[in-house]
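Labels run A, B and C following the written order; every chain starts at residue 1.
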Amino acid sequence: MKRTILAVLAALLLLVAPSSLAANPGELVIAVEALGDHLDPHRAPGNSAHALMALFDGITRLDKDGNLAPSLASSWEAISDTTWIFNLQQGVKFHNGEEFNADVVIANLERMSDPNEPRASYSFDVFAGWRKTGDYQFEISTVAPDPLLPARMKNFFIAPPSMLGNPKSDDFNRHPIGTGPFKFVEWIADDRVVLAANEDYYLGAPQFDRLVFRAIPEASSRVSELLTGGVDIVTGLQPEFIGLVDSNAGTRVVTRVSPINEVITLRTDVEGPLQDVRVRQAMNYAVDFDTIISTLLSGYAHRYATVVHPFVLGFNPEVEPYPYDPEKAKSLLAEAGYADGFSIDFDITPSVGGTNNIEVAQAVVAYLGQVGINVNLRVHEYGVMRTLVYGDRSGGPMIRWQWKTWDNDPDGIFYGMFHSKGTGTFNNDPVTDEMIIAARFNLDQEDRARIYGELQERVKEQATHIFMYYTDSIYGLSDRVTWEPRIDERLYFYQATLND
Amino acid sequence: MTRSASLRRSLRYLGRNKMLVIGCVMLVVPVVCALAAQWLAPNDPGAQTLIMRLKPPAWLGGDPRFLLGTDGLGRDILSRLIYGARVSLIVGLTVVAIGGTFGTLIGLVSGYVGGLFDAIVMRVVDVFLAFPFLVLALVVMALTGPGLGNVILVLGFTSWVPYARVARAKVLGLKEREFVEASQALAAGAWRVMLRHVLPNIFSSIIVIASSRVATAIVSEATLSFLGLGVGATTPSWGASLSDGRTYLLIAWWPATLPGLAIMVTVLAINLIGDGLRDRLDPRLKS
Amino acid sequence: MLTYALRRIGLAVPTLFGVLVTVFLLLRMLGDPAVMLIPPDTTITPEQLRDIRRSIGIDEPLPVQLWLFLTNAVRGDFGVSYYGGQDAMQSVVSRLGPTLELSLIALAFAVAVGVPLGIAAALRRNSLVDIGISAVSLLGMSMPNFWLGLMLILVFGVQLKWLPISGRGELQNLILPAFTLGASMVAIVQRLIRTDVLETLTQDFVRTARAKGAAPRAVVWHHTLKNALIPTVTVLGLQFGALLGGSVVVETVFAWPGVGRLMIQSISNRDYPVVQAAVVLFAVFFVAINLVVDIVYGFLDPRIRYD
């Protein structure tokens, strides 16, 4: 008996002794909360986008600051209000040696628009048609003038003809082939995606050999791995950990503002006090977001007036955030006939709203309580919440939600959360609708910027939301890595370098 | 035998059963906290002092107002621990009460009635056992949302199976025994037979299961919180505090470790009591 | 023996049918999976939402869906993941390896620690040693898994840098998660063994052996343990199922790519085919293990008759 125990102990010690925690030279390891469910670039996106961006190229792309840049299309132009010509890169080869050309693009567009699969993109409604106009040129026509068409093409990842049979998603899961800077090596579901440098990348090979995405769901396990050198980059760091990561030898923190707009939707499509604009304005005056930001968010968030970041097209610096003014809130409520306040339901899920969102919601509830609004906070599981918002829309009059600004352009957020046909809209203001449409089908960027400038005044005054803030995305980095985060929070490592 | 003699005998027995004694002594603190939380707690367990977030315990350089430090929202950990005893014990006891009552009744009736009813109940039991508990809990909690009541219901109605099985097995064994047959011969009502003669006979087994289940329920509540489906953001339960505090474990050990210790001590105490009771009540073990 | 086994398998049919219907109906209560497939921050039209519903086969009336599900399940076809289009059952099966590996090692650990502790406690019943052993083995059960796991990560990973923190790969990666999972089972094994040894010690043949002058230790090893193992095997069979289910938390903390994580993720994504496949596989496993346990029971205790 005793001998057995000793033997077991000895074996354990052997295992424990010199475990190799140090990083492998030439290998960059990124820890994310979850990997995606598949590697088919044309299917409904999960969290796969990061690996897909390394494996595939889009027709266009956004640079790290969110500006549109050439990718598989080297140039493009609108030859009429509704027709665009794209000129393609020549000499691009897929990882398996297949040639890239206009036929390949057309074949990809056909597969991507198949309504029999949950799709990665729903932009196809604006397309009137597409056709090949040369070996390295194709044309897309739209149903109306679409200023965002070239930006939409960034989501169109191009796969080689040999993989386009439908349905053959599983081929992608086993061995995806693209033109991107990294080639597929291995995918172990919920564990890791391993990629290798594509030495023949048409823009030149990446500086390092292997790129590994690891799924580590528990936040403190991710940070622990960074601190001990098990991984090189962690995402979604909480502000509380900045000091720890910065003071640890060999790691540091980088931040970048997030393009996600944090709001509380105030529904006017259901009977109740929120149908009075004065009540909605009062609620905007009632909450002290500056204090919330400096305490609960450790200062890593920024107050702004509506949902247009300073770096987004049409940002209007003259529209200022609602100041914290509880007296004004009370008098507006009194004017509206709610001097004694009212009670209201507030729906929220922990998964939407970024850092400490439940705590922030509790603070908002407390502030609204101080002006007499008795808010009943209801916390939901994510899927249930999504059904409340996008499905049967049976949520309460107050909904905590967020929406990302894509392409540094406010069309998506304005249409999605303010236009009466938007998937995330719970209000109906014909004036707002009209302005959004005027900017949407308009190829004159200056005119669009002007309209969005006015739109910010309009939506602030309408106060169909409690406008909150946008946060900073915080990343922990090993000192061996040189890398800059992208504004759209996608993880892209072609330009990253390792100094081993 | 006089009352005092019987009491003396019990006390003497208790003296011999050290586990029971140690368990009871360990349980005094949480029970007192639970009963007298409003007088013992130095602060309001829900009051947030945002500028005092994550302050260490007083003797480690924290604020003297917060003896055991503060959590991620600047709430007093000591007060939350004291109120948390109430929540945890309520969870443990009500879960067992629900599961135990429901399970025992089902098992009792099933074993006594037999036939088709028994067959159906046993198949339901099989389905329950073969169904991953967690899936059931996740779905039900997603539908009902977080909350103390919902946690109790979920844990209660997923824990009835062991009681039902034990109760049924015991009833089947007792059915053949003379005194039950005798009462049946006297044409006593079925319910009366069960309550008067069968229930007391299986009571000790049920108590033994129940005592270990109280502990399991307290730990399960913490696990549900970890999966984001617990008692909710405002209820000061040990499980929720532990789960919320784990986020900060790398920079502040106290918000997670202290409720963890509280759970550990309480669960240990209840388990020791359970073991003691088992030795006391399980007749097979009487030497 | 054979008829007994066949009858037991026959009884498993209604159980599995019940599991199939229950999981199907339970999941449909969770709402519309199509809303989960809308790309993030994208406006889609009601027609497009209908397209999504049709493409994943949830536009049919519920009874039709249930009938299709049952008839396909009988043939082993559980459909494809809404997200990746992979065969649902294949996804689950591919994740079974890591979970089984973790669970078996944890179980082995629990038995290796729990059995000697249980015997020692029984031999010194009601002494301080007994209480001490109880307290020590109960520790693992008294700590929520995730707390113990995080503490171990902190001590052995971050502070001492002895062991890897997360993921599956080297043998070392198994130590912390298996210890965490196994710790919660030590008490179960220890208490079972203790009770069973105590019970057996009072039985006639043991008394006889002792009266004949056999040393207590030898008696325990030769007579008691074999008998004590019977109920222990039964309970462990049942516990193995609980162990599989309980590994979810450990898999999350240690980023272990097992079936438990797949299950909770698929529930939160509303990827119903995958959840259904996982639940059914779990149920089959459970039924099979208990069948095996019953038969093993028969080998260990020849007194049991299969009638």
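What we mean here is this: contacts are C-beta pairs under 8 Å (C-beta built on N, C-alpha and C of every residue); 3 or more make two chains touch, one makes a residue touch a chain.
This one's a predicted model, so the numbers in the text were calculated from it and none came from an experiment.
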Quiz item: What is the shape of the graph in which nodes denote protein chains and edges denote touching chain pairs (line, ring, star, complete, other)?
Solution: complete
Quiz prompt | Pair of chains ranked first by number of touching C-beta pairs | solution = A-C
Exercise. Could you put a whole-Å number on the gap between the CA centroids of chain A and chain B?
Key: 43
Self-check item: Gap in Å, rounded to a whole number, between the CA centres of chain C and chain A
Solution: 37
Self-check item: Where chain B and chain C are represented by their mean Cα positions, the distance between them in whole Å
Solution: 22
Quiz item: Which positions in chain B touch two or more other chains at once?
Solution: 142-143, 246, 249-250
Quiz item: For chain A, what residues touch not just one other chain but two or more?
Solution: 220, 224, 227, 381, 383-384
Practice problem: Give me the residues of chain C that touch two or more other chains. | Solution: 30, 150, 154, 158, 252, 267
Exercise. Note which residues of chain A are touching chain B in the complex, please.
Key: 219-220, 223-224, 227, 238, 240-241, 243-244, 291, 295-296, 350, 356, 358-359, 362-363, 377-381, 383-384
Quiz item: What does chain C use to touch chain A in their complex?
Solution: 30-32, 34-45, 48, 51-52, 54-56, 81-87, 91, 94-95, 112, 116, 150, 153-154, 157-158, 161-168, 170-172, 175, 252-255, 257, 261-262, 265, 267-271
Quiz prompt | Partner chain A, residues of chain B touching it in the complex | solution = 48, 50-51, 53-54, 72-73, 141-143, 145-146, 228-229, 232-234, 246-251
Practice problem: Would you tell me which residues of chain C are touching chain B in their complex? | Solution: 11, 14-16, 18-19, 22-23, 26-27, 29-30, 126, 128, 130-131, 134-135, 138-139, 141-147, 150-151, 154, 158, 187, 191, 195, 198-199, 202, 238, 241-242, 244-246, 248-249, 252, 260, 263-264, 267, 275, 278-279, 282-283, 286-287
Practice problem: Give every residue of chain B touching chain C within the complex, in rising order. | Solution: 16-19, 22, 123-124, 126-127, 129-136, 138-139, 142-143, 215, 219, 222-223, 226-227, 239, 242-243, 246, 249-250, 256-257, 260, 263-265, 267-268, 271-272, 275, 278-279, 282, 284-285, 287
